[in-house]
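One structure, pasted below without further comment.
By written order: A, B, C and D. Residues from 1 in each chain.
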Amino acid sequence: MIDKRIPTPAEAVAGVKDGDMVLISGFGEAGNPTELIHALIDLGTKDLTVVNNNAGNGHIGLAALLEAGRVAKIICSFPRSSRSEVFQELYRTGKIELEVVPQGTLAERLRAGGAGIGGFYTPTTVGTPLAEGKEQRTIDGREYVLEHPIRADVALIKAESADPWGNLTYRMAARNFAPAMCMAAKTTIVQVREIVDLGATDAEHVVTPSIFVDRIVEIPEPISEAAILRQAERGEKAAAP
Amino acid sequence: MTGPSNPIENPTPHPALKPPSKPRGLTRDQMAWRVAKDIPGGSYVNLGIGMPELVALHLPQGKEGDNRQIVFHSENGILGMGPPPPQGEEDFDLISAGKKPATVIPGSAFFDSADSFAMIRGGHIDITVLGAFQVSESGDLANWTTGGVPAVGGAMDLAQGARQVFVITNHTTKKGEPKIVKECTYPLTGAGVVTVVFTDLAVIDVTAKGLEVRELVEDLSFEELQQRTGARLSPGPDIRPLTAPLDP
Amino acid sequence: MIDKRIPTPAEAVAGVKDGDMVLISGFGEAGNPTELIHALIDLGTKDLTVVNNNAGNGHIGLAALLEAGRVAKIICSFPRSSRSEVFQELYRTGKIELEVVPQGTLAERLRAGGAGIGGFYTPTTVGTPLAEGKEQRTIDGREYVLEHPIRADVALIKAESADPWGNLTYRMAARNFAPAMCMAAKTTIVQVREIVDLGATDAEHVVTPSIFVDRIVEIPEPISEAAILRQAERGEKAAAP
Amino acid sequence: MTGPSNPIENPTPHPALKPPSKPRGLTRDQMAWRVAKDIPGGSYVNLGIGMPELVALHLPQGKEGDNRQIVFHSENGILGMGPPPPQGEEDFDLISAGKKPATVIPGSAFFDSADSFAMIRGGHIDITVLGAFQVSESGDLANWTTGGVPAVGGAMDLAQGARQVFVITNHTTKKGEPKIVKECTYPLTGAGVVTVVFTDLAVIDVTAKGLEVRELVEDLSFEELQQRTGARLSPGPDIRPLTAPLDP
């Protein structure tokens, strides 16, 4: 089907299976596909491996997915934040596996997965504990570590606009991991603020071409995780003695 | 859609209707039509240069809302390539991988060569249609050089990366030598990459069990096809006549 | 200098040295930096290694650089065309070295060079003569060939617009190898049809961010190699008996 | 620009002017100012989270035509990051790598994480300014973890990839332990990556011959600096006083 529009988030995430690897776009609170994550929570899928730059904040979105006990393992670069209490608790009690990957290596592993690259050598982590157990080699006098691609079952993505075929644009720094994640998943599911007419996006301005997109659902007024977290913080401060 | 023998549509005898010394094979256009029939709507397709380009003429293009729509990829950085422009409306910045003037349809995107081959290598192109000098029993493809100045372009990336590699080729060379062979003698483009071969005489699937004939032109027996082939063929489980409209 | 504007092509290519590796953008006749190439010819630099998708057409641009005897080696994917007579003759007479690289591997080697990747594994060329002598390995049951990055001294690039810092846009299929080449060179020299004001290009629509650009020269009406080749062909046909 | 001792600008005694038991070190703002002085106009700069962010306050931003302009890179996909927005004008889609509301200046560009780290890893960032738990004699940097939940972010990529790694740090911990050490005891972020260390007491170049002191605060002798340092220092060929304006 070249027309990839799906009416609801529930239908968009249908078919995600227990044990799947799920890529989730977003950096901090910019670019999170919150509605799709909550549809995935409602679907009940478990034993997921999740890839995201972070590990959730507060009790919404990715943090809610963790809190619901659906995630067996998380691959991320920075699981700590002032509001990552759900992840912290799961990690402390041994209920979640963590693979920490440097942010650039994470992005490059996703791109490699999407681009059919079998592995690549990066200087990042050489000489550090994160290089332990990894194959190293010297190329042109410099040390490199071998890193492997990430290829996932599903990507949950937030974008700004899509045409019916799935040509995507993003908004400012909400772009972050989304383009590489769209490439790296077998099924790429995208929530967009606006579905535009075919041809409405200048072909020069398409950031993610439609070939990387499988399903689109329109969420005109997406939840802002940042706004909700700030509200929660104000509420807690107000409630404090 | 009823095969090449309707006398009303074809009042003067079609050359292929004369008593054949050569079998009544498909024309280039009929072969292209036949390939097109196997391309599902919604596919992302890359057509090689030459005969594969004819396939585009038999696929729906640019009709919004038509889920039979195909999106053509051009490795120089286009998704949603349309038909060639009318003469006088060429734009030198908008060319196909074959360096010919091109157009784009609504829903198209431009990108750079690295992203373009990420699409190819990463398995995002559903089907590529390529020409061939030779195809082997195990699906090896030789289509990039027969000697002289070596020039490969994107052929090896497409052969390795596309989910399906369709080959469109005459069954034999002009001299009658088989192009489907036990092992390629020309340098390979990719090993074990071809999924289906569409010739003027047959449609042949490359399977784990070897080459299976799915369709065969009507006036040729399986044995006669085998005689024109340098590799062992077997009849597919559901072998059928290969037919195409006279002027597809 | 954050303002990268240079008045003339001659000043823009100043400093290119004998023996340099020079990346030249363009695919067929779309995206060729013809004016910069001719400035390089005028500069007299020799023993160059040139990277381009092709090997020049007719007697203009890259073909003229070859014809002037300045290129010791060319790295490209497709050196043959109906008008590649200059290259063909140099190759036939052993006056130029040729490295043929599959188009996707060429693009990826350039990107790797620009992205600090020490090498990568690609399935392209496995089982073919172009894999001979290259390291191979099996990853997840699939064969891959190790390929190395290309890092060059200079890139000569054609783009559509630049702001004074060098944020670039391209026009349609003239984009091709330019973004990866901008990344892969120590000094990236760009000719643009138009220099626009700072801020005139929407930050979402920048294709090559300014960090990859060193010098910009405005050529409002660049030579069209395609038009000149067609003219030449018509002239030859008209002159034919 | 004349050092921290102008009584007219500072009628009440600055804490640093009291007879020091601790040496009269630079404040955080003065350290940031001093780092900024070493960043040439036209540089592409990535500032780490925390004290490094203060450096931005001492660099020209967004003045078109000013060749002293610095372009700030934020690893979440921004070139040309500007100062934080006024309260009430935050946009949650425009945040810094530290996840704080940000702005962009004219001439900025947005891109994805893969491209962002291509810039970093590929050596396109001229200078990164990072904090440190420890820096070793050979320029090893430890700044990502001291235990607990591991979290690395982009620190290792920046440490390996930027052409120059400036470290901004107090010379010793709050307990007085040296942060510049013979060998790091904390897990490394990168080995041999630091080029210059800017502390409250000194500016120290990491050279092939070891740590060379380029600048030293005025009321501290070289020997006193060495006592506060866990690694062997040598005076640079042109050692000078480290000074900064009182309220830079």
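Convention: a residue touches a chain if its C-beta (ideal position, glycine included) is under 8 Å from a C-beta of that chain, and two chains touch if they have at least 3 such contacts.
Note that the structure is predicted; figures quoted are calculated from it, not measured.
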| item | value |
| --- | --- |
| Partner chains that chain B and chain C have in common | A |
| Selected pair, greater C-beta contact count between A-B and A-D | A-D |
| Relative to chain A, chain with the most remote C-alpha centre | B |
| Geometric centre distance via CA averages, chain D-chain A, whole Å | 31 |
| Between chain B and chain D, centroid-to-centroid distance (C-alpha), Å | 60 |
| Chain centre separation (chain C, chain D; CA means) in Å | 38 |
| Multi-partner residues of chain A (at least 2 other chains) | 108, 111, 115-117, 122-123, 170-172, 203-204, 207 |
| Junction residues of chain B - those touching two or more other chains | 104, 110-111, 117, 120-121, 160-161 |
| Contacting residues of chain A [partner chain B, same complex] | 1-3, 111, 113-117, 163-165, 167, 183, 198-199, 203-204, 206, 209-212 |
| Partner chain A, residues of chain D touching it in the complex | 74-78, 91-95, 99, 102, 104, 110-114, 116-117, 120-121, 140, 148-157, 160-161, 187-192 |
| Chain D-facing residues of chain A, complex | 27-31, 53, 77-81, 87-88, 91, 98, 100-108, 110-111, 122-130, 170-180, 207, 224, 226-227 |
| Complex contact set, residues of chain C against chain A | 108, 112, 115-123, 137, 139-140, 142, 144, 148, 169-172, 203-205, 207 |
| Touching residues (chain side chain D, partner chain C) in the complex | 41-42, 44, 64-67, 69, 71, 73, 79-80, 104, 106-111, 115, 117-125, 160-161 |
